[in-house]
Structure formats: C-alpha cells, structure tokens
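Next up, some structures in structure tokens.
Across the two complexes that follow, chain A remains constant while its partner is chain B and subsequently chain C.
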Partner chain A sequence: MDSASRLLTYQGIPVWRHVQIIQWAVQIVSGILVVALVVWFFSNMVGAIQDRDIPSGFSFLSREYQTPIGEHFIPYESSDTFLYALLVGITNTAIVAVAGVFLATALGIFIGVSRLSSNWIVSKLAMVYIEFFRNVPLLVQLFFWFYIVLELPAIRESFVVADAFYLSNRGFSMPWPKATEYSVAVIWLGLAAVAIVAGWLVYRRQARMEEQTGRSGYPLIYSFATALVIGAIAWLILSFAGGSSPFYISMPEPQGRFGNIVGGFTARAGLLVLLTGLVMYTASFIAEIVRAGIQSVGRGQTEAARALGLSPMSTLRSVTFPQAMRVIIPPLISQFLNLTKNSSLGGAVAYSDLTNIAVTMTQTAPAVSIFMLIMASYLAMSLTWSLIGNLYNRHIRFVGG
Partner chain B sequence: MKRTLLLFVALSALVLVLVGCSDTSALETENANLKAENEAMKAENEAMKAQIEEGMAMLAAGTLPMGDGESRLNTVRERGKVICASRDDVPGYGGIDAAGNNVGFDIDLCRALATAVLGDPSAIEIRLINAAERGPTIQSGEVDMLVRTVTWTSSRDAGWGNYAQTMFYDGQGFMVRADSGITDALELEGATVCVTLGTTTELNLQDFSDQNGLGITVSTFEDTDAVVAAYDAGQCDSFTNDNSQLAALRTALSNPADHVILPNTISEEPLGPVVPHGDDQWFDIVKTVMAILIYGEAYGISQSDVPSAATDNTKVDRLLGISGAFGQEELGLSETVAQDVLKAVGNYGEIYDRNLGPSGINLPREGGRNALWANAPCTDCPKGGQIYAAPLR
Partner chain C sequence: MASPPVSQPEGMLPPRSEVGVTGWLHANLFSNWFNSVLTLVSAALLVTGLWFGLKWIFLAADWTVISELGGRFLLGRYNTEAACEGQNCFWRPQAALIMVSVLLGAAWGLRGNRVARAVAWLVAGVSAAFAFLPYNLATMGLDVRILLLLNLPAVPLGWALAKYTPLGTGTRVTILGVAIFFITLILLRGLPGLPFLQPVSVVYWGGLSLNLILAVGGITLSLPIGIALALGRRSNLPVVKVLCVFFIEVFRGVPLITLLFMSQTLVPLAFPEDMPQNSLFRAAVVITLFSSAYMAENIRGGLQALHPGQAEAARALGLPGWQTTMLISLPQAIRNVIPAIVGQFIGLFKDTSLVYIIGMLDVVAIGRSFIQSNPEYLPSARELFVFLAAVFWIFTYGMSYISGKVEDYMGVGRR
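Presenting the complex of A and B:
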C-alpha cells in the first residue's frame, strides 16, 4: 500500500487530538513566536539607533581610554585601550565574584549547619541571620556597610598591627608577595603548577595502593612532600640563575603628605564594602540551600552512621554531606550566578567593577555597543560558573543503580 | 469523533443559511437591519485595525510615539507638558524646596520652555536621573530637554543630542580639608580624589594627573550624595567637581568652614540644555527661549514689569511681540511668547539671582564669566561676561 492511499484510509486518532501532532504544532508555533520576537526586538533597536543617530560600532575598542580606573589588579595606565580597560573591569568583577563565592559558600555552610544545630541559641541566631540578610535589599545592605566602613578611623589614625596590617576607612592593607621580575615569576608559577600536579598524581597512586593492599600509604604526606620539594628546587634554581628570588614580600607603608598606603596589597574600601555585602547577602541564601540539602538525606542514614559509632562531625562529613551535595549543587550554582551579577552594584560604593567602568565609557564611546559587550561578558562569566557546576555535578552523581 | 463531525456540519449549514439569507426576499427587512449592523461593525473594525496598525508602525519605527513625521512640538502640545531630565541633589541647580518642589536654575530653564510652548510654567515633568544616565536618557528621546548641569563637549554633542546654548560657564576645581595645608591643586600628589561616575570631571581628572605627574587615585561613586559622604568622612583627600557645585555642596558638609576650594580651575565646563537629535524645530525653539531669557535681562525687562504696550525701544517691542517679529511663526510659537516667558520665570539675571545668586547659593556674578556680555540699554546690569545669545530678530 502506498503512502497516499494509506493517508486516505487513515483511521487512527483524528489529527486535532493526536498528541504527537499537537506537540509538534506547539513546538513550531512557539519557535516561530520566539524567533519573531527576537527579530522584532533587534530590528526595533537597529531602527531606533538609525532614527536617533545614536552612535554604534566597535572601532572605539582600540582607542586610548584616557580615563581613571580607581581599582585595578592588573597594571593599568590611562594610555591603555578601551578593550584593555574592559579587561580590567572583567578582572575586577571576576576577583569579587571568585572571592565572594568562596567566602559566601564557607559562611553559608556554617550558618546552614548551625541552623540545624540542636543548640537552641545557635539555631535561633542562625535563623535571625538568615531572615535579616535574606529580606533586606542588597543595595540597602551595601549602603549600610558603606557607612560602617566610613566610621572606621581616618587614614592617619589607622589601626596598625605589627607595622604590616593597616585598617582605615580607606581600606585594608597587608603584606603581599610581589614578582621581582615578571618573566622569572611566571616561570616559577608554571613550575609550581607542575609541582601541584605531581603531588596530586602521587596522592592518587598512594591512595589506590592503600585501598588495594590495606597498608597505610600516607597519601597526604607523600603528595605534600613531593609538591614542596619540586617547588623548592625550582625556587632555588631560579634564584641562583636570576640572582634574586622570583618573589619578594612587599610591605604596606604610608607615604606622602596624605599618608596613603603604598606597597603590599590593599583592598580599598569599595572592595571591602562590596565583598562584605555580597557575602553576607548570598550566604543567607546558601545557608537555606544547605539546610534543605541536609534535611533531604534520610534520617536512617544519620541513625545508621551513629549506630556504627561515628561522631556527629564524622557523620556530617562522611555520610550526610556527600549525599546532600546532590541536592545542594544546582541551586548553589544559581547563587554563584546571582553573586556575580549582583557585583554590578559596585558603582554605588566606588568599586570599579565591570559595570562601573562601562558606564564611564559611555561618555566617550557608543553606549549601545558597550552594553552589548557588558552583557556578553556577564553571560560568559555566568556560563563559566554553570560549566563548573555541571562538571562537578556529574562528578558527584549516583553511579550505576 | 462523530459528535465533532456533526457539530461541524451543523455549523457549516448555519453559515450557509446566513449567507444565503441575503437572497431570500421573505427576510428582506430583517436582512437590511443585519446589513446595517454588519456595516457598522465593519467600520468599527476598520477603525480598530487602523489604530492597531498605527500602534504597530509606531512600535516598529522606534520606541516611543515621537520623531518620524510628528514634530516634538506637536507631541509636547498633545501631551500638555514638557518632560525635562534633571536632578534634585545640588542646591541652586536642581534641588528641593521646603514644600518638596523641584527648584533651581536648571528647573527654571525647563519652566521657561514650558511657558513658551504651552503657556504654563507649571506644565513640566521632572525626571530625576544620575550623571551616568544623562547620555542614554537624551539619546532615547524620552525627554524633551536635558538640563542637569551637563557640560558641552564635542563627543556628547555628536553622540547624545544637540546643545542649545551655554547658560552657565563653569570650570572644574578641587575641595580639600583646610587643615591639610594645601593651597594649590598641584600639591595633590598621591592623593585619593572622590568623583561622580559618568562626568567630565572624571575624565579631566586623569588629564590633570597625567600632565602634572601627580599619580592621583580615584574613587568613583554613582551618586553625588555618596561622594559627599565619603569625602566628609575622610575617605578621600579631595573632592572634585565643577567649582560652582563644590560651592553648593560645601554647605552640605558637616562643618563647611573646615573645607576650602582650591583656586585652580582645570577645565572648561560650559553648561546648558540639550535636546534630542533629529528635530531642528524643537532645537531652534529651545535656543530661542534661552535667548529670550538673556535678552530679557539685556533689555532690562524684569518679571514684575513686562510691558504689553509699545515702548520707545523697537528692540524691546520686537522681543515682546508688540511690533515686528523674530521668527515666532516659523517656530510655531505665539507672537507674545517672550512676554509670557518673562512674566512667568523672569529674565536670565533674575533666574540667576533666585537660584545661584544672593537668594540662592550666593555665587558671585558681577565681573565674572556669567555676567552678560551685552551692550544693553540698561545701565546698571553687569557686563563684560560671556553670557550671550544669537540676536532675536
């Protein structure tokens, strides 16, 4: 029977009630709608740009920026290009994001576990923390921290510890390793990475041996020793070859008539305020996620672990937490994304994050193009977090049945 | 399945009957009624369709119903108010009075424009924006005029909108704590300077620091309020802004006497209203209104005493629309637009005095750049300044 006659004599479900056909139709229609909407938005934007003679294009990227950037962790001169200035902004945002994510996760886990503590005071304190920081808008919290930092002593009356740590309302300074010569430092960092990889390989080998033979392989000790020895040998060779060690410790020191700190590492007030605000805010959400994750692990697991004689700490570390991770990771990643994107509020407290720098750029370059680049940058950062999260998620999922 | 088919057949039959009706003579009267009803519905449909199409065209053409054929003047008149982007955080320029109204030099310029095109100085809407929002706001054309201490620069003129007229000559300066002992901006080596995000002062600061090898560090805040708070608490050694704004903001510090404004002026900051690109008539109207304020002062016409009958000065008569004309008709303004404007907000000098002068933040004017240039008929008005506009004739 050919297909045409089969169609004519079709006696199955009528087309308008055929689930598959309906599903396809819905897909096609929604696809068309989405594409149409995107096309309409885009053409509307292009039309408006033309109508109003709004400058666009990307040729400005290779021009000199000639504008100050308050805070930069990679060297920056006003003669650098717009493109490089954007890179400075991306590093600034990335630094806040990474530091914020680590601190917020640590604090969030601590608060989340405290929330489940059998100690009434601890549990209630954690609850108060969560409810307060979760329910007050982040911008308001940032201004709160901003005014708290302003209340710190002025630069001349800084809190000083051992002539090495300075805290004032302009920021916090501490000693920091600095490269004596960039090329040598980079070589050593490369060798240090090799040392870490070697240490990790030793750890795996010893751990496997321990598993197979039951004899103690001391994986931690062996791996650390390997890494240290390789790193130290590299350091010594480079020091002798180059005449000076790859890094030296730079000490912060007040200088000039204003007493501003030179040397060491200085986290300026803007960074302190932004980081504190982001960490406290995000930790409250992470705490709830951790609590939900821990509570999702069946009670029997904990009871069994306790019955085997594991201490509460070991139970949490070896039994409850590994299982809770599966529930925790996906929402945790979305908190990382939130933190990264929320760092765009930096401008309010004088931190030169990507958005802050970009807004300054719109004075001398086309705003539309700049905001496209900004969106792309945040998208790239968010996708990186998602990628890391997904990889980790795959790593910890249930294996087999 | 069967039931659906039955329903379908029934519906088709009904449609056929309805269509066929038009031929049956027995139902002629009823038919006529139906026809009329049908026509009415059709007409209504057409109107709705046209409206939708118009809306779609508007949406497709831009974001807002303006530009593209319709002049901004008509749009403003239909709307019944002038929308100005301004500020409320710097006394004198754009602040808030005790009653909560927007007041200031910039606000008065907006009121003058509203009087000229709508005959009502209160027909204004003030959109409050921060410094960094100025460009996008005027580019989008969502406001009719931007008056928010905006410095005229070539790249802003090219990219943002058209600058109508310099209404105030300013320059960038620095404020420092008096006890720092600094008397010259060149002594600011290694200083931390607070500045507002998205301003020309932010850009000029880099030039100044580079040129003189000062190695200044900046702290860039989105809002001027935060800049003032940070400077007041000693988070920065100095605070830079236009000199006149420094003078205004000094009054907001916890102890104004502890702070001095350095004598250096490191840049040119001509301030004035900006209009969106793409509507020459509107651009010309704003320029003309600003000129009316300036010539109002030059001819000694004060708010309380605006002549409505012929005077002995033809220039005054022409300005006030008593005889002759200076292009009102081409601009779509009334003959007596200058009378209305001057009665409503006063002349340039009065606006200055009310907001920036003795009754405002007390910036000196006499002998300075913001005095009139004019060789005017009034003998006691300040002269030798740079405030000047194209002749009204």
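Presenting the complex of A and C:
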C-alpha cells in the first residue's frame, strides 16, 4: 500500500468508505449548508431593511394601534396599543377555536355513529354528509355560508324563537349569563372550582372503594351531588350576603327604531359564518375518525363482554368505548389543531382573527416582527393542543401491556 | 365423493320476511320500533331535502352567472387582450390540454387499466363537448373549438404510443408526464425572444388551470420531499434529525395562510433585490413545503408501523443500509399509508384555493371578484359557490376513488 492511500485510511478502512466518517461528513456539510443559507437570508433581509428604510424591531408594540377591530370579546378601543390589539386577536382566535372544537366534536360523533348505524338510510345520509363536506375546500364553504347569512332577513325582521333567540343577517343572539357584580361573580366562580375539585375527590374515593370492596359506590352520582350541593350553597350564601345572585340570565331584546339587539350574547355575522363553516367541515373529518375508532375494536371484545353478561350499554361504556378512545384521541387532537389553524380564514368572511388583525397591522408596523409574533402565537397554540393530547394519551395508554 | 342430495322438506323454507326485498327492508330499515322511527324521520328529511334541492337546482336557481363567467373559470384572464398584446395566445393552454390528453392516453395504453381509460376519455370527451356549446353561451372562435376537438384523437394517439413504441414503460411515461408539465409551464409563461411564445406575466394566470398547476406541481414534489424529511427524522444523525424535526414542526404548527402571507411580504426581502421575483412561484413553493411536512409525518407513521424484522432480514441477507431502505422498508411503508397520502394530496388540492387570500386569481377568486365587481349578480352568489363546490368535489372525489382502486391493486390490508 503506498503512503498516499495509507494516509487516507482510518482504523484500516479508507475514509471514503468508513461509515462513521461519512456520517460525520454528511452532518457537518448539511449543518454548514443550512447555517450558511440562514445567514445569507438574514443578511439579505437586514440589508433590505437598511437600504429601503423598512421599520423593524419591537418598539411598535407599545404604540397606539389606532385602527378599529370589527369584533372583540375583551374591551377594546382604537387608543389601545398594538400589543393589546394582538391580544384581542389571540382571544378572538381562541374563542372560535374552543367553541368550534366543542361543536365539531359533538356533531362529528353524532355523524360518525350514524355512519355505523344498522339503519340503511341513516348510514347513507351520514356518508353523503361526510363525502360532501370533506371534499370541498373550506374557503368555498365559508363563502357559501357568508352569502347565505347575507340573504337572511334584516335585523328588524329577524327569525325569533321563544323571544330568546334572534337570527338575522347581523348575527345570532341568545340568552347568556352575566355577572350582577363582578367581584361577587369571581368569588362564586372560585367556589365553583372548589366544588368541582371536591366532586373529583369524591369520585376517586368512591371508585377506589368500589374497586377494593366490590360494593357499588356510585362514584358519578356522588361526585355530581357533592359538586352541585357545594355550588348551590355558595350561590345561596352569596345571594343573601350581596342582596342579589352572582349571575343573572341576560335576554336579548330588540331596542330602538332600528331594532338593534341589546343584551344576551350576540355572535355577529362573521363569527357565525366562520363557526358554521369550521364546524361543518371539521365534523366530517371527526366523523370518519370516530367511525374508524369504533370499528377498530375487535368484534370478539363485544362478544366476550356480552357473554360475560354485560348489558349492551355497559359493553359500550366499559369495553368498546375505552378501547376506541385509544385509536380516536391522537387524530382527534390533530383535527382540533387543524380547526385552530383553519380559523385563520376568518379574514375572508369579515371576522377579525389573529392572522387578519396581524396582516392589517403590517401596513403600519414592521412586518418581520409581526410575523415572528404570529408564528410564535400559533406554535404556542399547537403546542398547547399537543400537550393536552399527550397528557390524555399517557392517561389512556396500555398499562403493563 | 358426491354428497347425497339434500331434499328440502316443505315448511323448512325461511320465512318470507327474512328473504328478498321484504327481508332486506326488515333487516336494514325496520328491525325494531326505534329503527322504524329513525327510518321514517330520515326518509322524510331526505324527501324534503331532495324536493327543495332539485326544485332549486332546476327551477329557482339562476345559472347565468356560470355561463357569464364561462372560460374565465378555466383560464382566468389569460385569454384577454391585456395578457398578450397584439397576439393570440389562446392556443397555448389548448395545446397544453391536448398534451395532457396524450399523456392520459399513454397511461391507459401502459396497463390497459379500465379506470385510466375512463379518466382519459372523460377528460377528452368533456373538452370536446365544450366545442359544441352554442355561440350565445360561450364566445369561442372556431379555432378554439377545433383545438378542443383535437383532444379526442389525442387519447388513442397516446394509447398507441404507449402500446406500440419503446415509450411504453412506466418510467418513460412518468418522464413524459414530468416533461409535459414543464412544457405546459413554458407554453403558458412564454419564452422571451420567440415571436410566437411572447411572455405572459403570471398575474394573468388564473382560474381552475392555476389550481391544477399548483396541485400537480405540489403533489409531484411533496411526496419525495416528504419521504426525505421522514427518513431524516428517523435517521440516527443528530444534526440531520434536528433540522428535519424543526422544519416539520414549524410548517405543521403555523396556518398555511400565514405562511402564504409571509411568502409575499417577507421572503422577497430574504433574496437579493436584483434576483427575478415571481409571486406565483413563491406561493407554489410554500404550498409544496407545507404539504411535504404533513407528508413526512404520514410516511413516518408507515415506517413506524413496519415490523423491524423486515429491515433486519434485509440486513441479514447482506443488503446495505440504503438498499434496505429503498427496496424493503419504504415500498412497504408507502403502500400501507396510501390512504393517508392521497388524503394529503386531496388536502393540497383544496388548499390551492387559499391563494385567493394573497390576491391570486384562482377559480374561487375569479368567481368572487366577478360578484363583487358586478353587484347585479350578488343574488347569484349561492349558485356560484354551489357550482364551485361541485367542481372541487368532482376532482377530490375522483382522487379518492382512484386511490381506492390503487389500494385494491396493491393489496392494502390484504397482505
């Protein structure tokens, strides 16, 4: 072996065939490439910012935003700061996301179970629903609902149900609990939280008792009763002490010459359209997940449970459902995440979600900083959903299996 | 040994209510009182829905908005005078369509597949049918109509090419497909210097053809990028792994719309000013990367579900690492996740409608901007979006149907 090729060997293997050396070389080269690319982009961006005098930095956050926001659930005025306006956007997105997740899950489970119904018509209707709403872009659906809501009657000719629910082209109003006095309401909410914790403790105690002794402990009944009793006692004491109950039900009522609706809770047209579209769209995916989850539980499981003498309801509750949940939860969480991200289409139907507000902001504030902030916000929301999903997954995974 | 004939005594026949139409009705619709109520309620729902739906479609709805938009649905503003000054560029998209017909014909000739034949004839047939639309519905010249009719002979031409010439292998037809995609892009964009291929700015691209170009480009590229990312994420090289995880999680954690906005406002800043800028290209790259991050997770799922014995056996037989991956692990992993992959393709196709948000005139934007600039058509918005939903549905449902056929062919879930 001549000296040149001996120089290029390591542990007696030529370097270009030595696995460890190749792996290190690949890593170093790819690392350097990526770093170089990022540095190049960054220097270009810094150069462009300096050349064209584009504003940058985060000092704008404490400036006044001075732009009205169409819909806000926390008090907002044009004189508030950019930072606060972004917070308004985050709450708007969060409210759509949470309300949408609950409604879409409920509708999705309903449709998914209908799809598995032994009734031919019900099953086919569910299939038509799924195949239609899953296969049409959300944007097209949102525009469809947008123009449907536009064609609803004007506010003075609203559809009214039981003098409590009003539907017009301005939105949908319904009765809503409102705090009589803020401090009393907060105290009651705190006590209600205590009641729920107490109920949960009772549930655990009764369940353990049932497990250890075999006697029926009725954990659900006892825990609900505990929570309700504590909550009710707190309510009564606060009502007597404060002279009025912590919350009252505010009814929506048309007022004045234009029939504007005062009181209650009003989901304005933008929110109504966005929520309808998101819920109908996501429910079709959730229905498929629910169907696949229930079908994934082997027929033998149900048969064995029935053979052991469990009633059909108990079979569903203690055998089929817990096993289906293992299959259902991970994709369900990713649908929740998708719903949250899809709410960024709000801008197309006149709902001021986070993306819409932020994109409007780029006209008066540095775009680079704003996009960094929105990316961070959405990543935080994604992480929150993943965290919830992982916690639940840890709770339901196979133990010792 | 032949079994003795079983004589069926009379009176042993199944009861009439368990067989035939009555049996089916009994088993599927009226098995108990709850099911019967459910059947009646949903049947009532179905009948009223159909009654009002059909009445609306055939009597109440005013579909003139669709015919008014006509060719703009397919090509946006491409055929207008502003797009190609003093010249005719109507033939360029038509030529691209004929090439697609040839390609579909070749795909049919390759395996003699029934689905491929149906798709090829459907595309060519619909295109040719457009040529016979009456003049008052579609303002197309005779030249356009003749080009549309040429789609019909294009299908057998492609079929013959694949059947009787050396072109007829899977690899070559795939290469032909990629080549046709790029030729289409060049045809539509034009080449500076060629008098008959005058450049047309991408701002004039639009309509369904824009959605299809974005979707085809994204679908072809997101699968290989997704595979690379999935392999990178599973690799034992820490630097590569961290980079892939970072890429996948960032692209999956942020809405596509936010990324599209960034591609239009921030990305131009990241490149030198004198570099040619193309907003459509940037949007296409973002859609592709977004989709490949999801694709990577699907493929990673397939790789994880694969029994480690497969790779171990390959290594034991002496296959080097990359051959184990390319020949043993990946093909099985991909086959197992075909439904998820096609689901992602469908998602990508639906996501192409989002370029509306950044001001590109895709098929949704064409419709909506028409309604906004012609308020007299505002009452027809419902018709417009029902039509758009139907157009998207045909493509997406077709994709999931073909995916089902491919799964059958590859034996997903059977071996």
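The rule is short, and it goes like this: the second predicted complex is superposed on the first by the 332 of 401 C-alpha atoms of A that agree within 3 Å, B and C clash if a C-alpha of one lies under 4 Å from a C-alpha of the other, contacts with A are read in each partner's own complex, and residues count from 1 in each chain.
Criterion: a contact is a pair of C-beta atoms (placed from the backbone, for glycine too) under 8 Å apart; a residue touches a chain by one contact, two chains touch by 3 or more.
From a predicted model like this one, the values you see are computed outputs, not experimental measurements.
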item	value
Which of chain B and chain C A:70 touches, first, second, both or neither	first
First, second, both or neither for A:148, with chain B first and chain C second	second
First (chain B), second (chain C), both or neither touched by A:347	both
Which of chain B and chain C A:378 touches, first, second, both or neither	second
First (chain B), second (chain C), both or neither touched by A:269	first
Contacts of A:119 with chain B and chain C, given as first, second, both or neither	second
Partner chain(s) touched by A:170 [first = chain B, second = chain C, both, neither]	first
Overlap of chain C and chain B interfaces on chain A (superposed complexes)	44, 48, 51, 54, 147, 150-151, 347-348, 359, 362, 367
Chain A contact footprint on chain B (complex, rising order)	1, 4, 59-63, 67-68, 132, 135-136, 139-141, 155-156, 158-159, 180, 187, 189-192, 194-195, 197-200, 202-203, 205-207, 209-210, 216-223, 226, 229-230, 233-235, 237, 276-278
Complex interface listing, chain A residues touching chain C	23, 26-28, 30-31, 34, 41-42, 44-45, 48-49, 51, 54, 117-122, 125, 131-132, 135-141, 143-144, 147-148, 150-151, 341-342, 344-345, 347-348, 355, 359, 362, 367-368, 371, 374-375, 378-379, 382-383
For the chain C and chain A complex, residues of the former touching the latter	28-29, 31, 35, 38-39, 42-43, 45-46, 237-240, 243, 249-250, 252-258, 261-262, 265-266, 269-273, 346, 350-351, 353-354, 356-357, 364, 368, 379, 381-382, 385-386, 388-389, 392-393, 396-397, 400
In the complex with chain B, residue positions of chain A that touch it	14, 40, 43-44, 47-48, 51-55, 66-70, 78, 146-147, 149-151, 154-155, 169-170, 255-258, 260, 262, 268-270, 347-350, 352, 356, 359-360, 362-364, 366-367
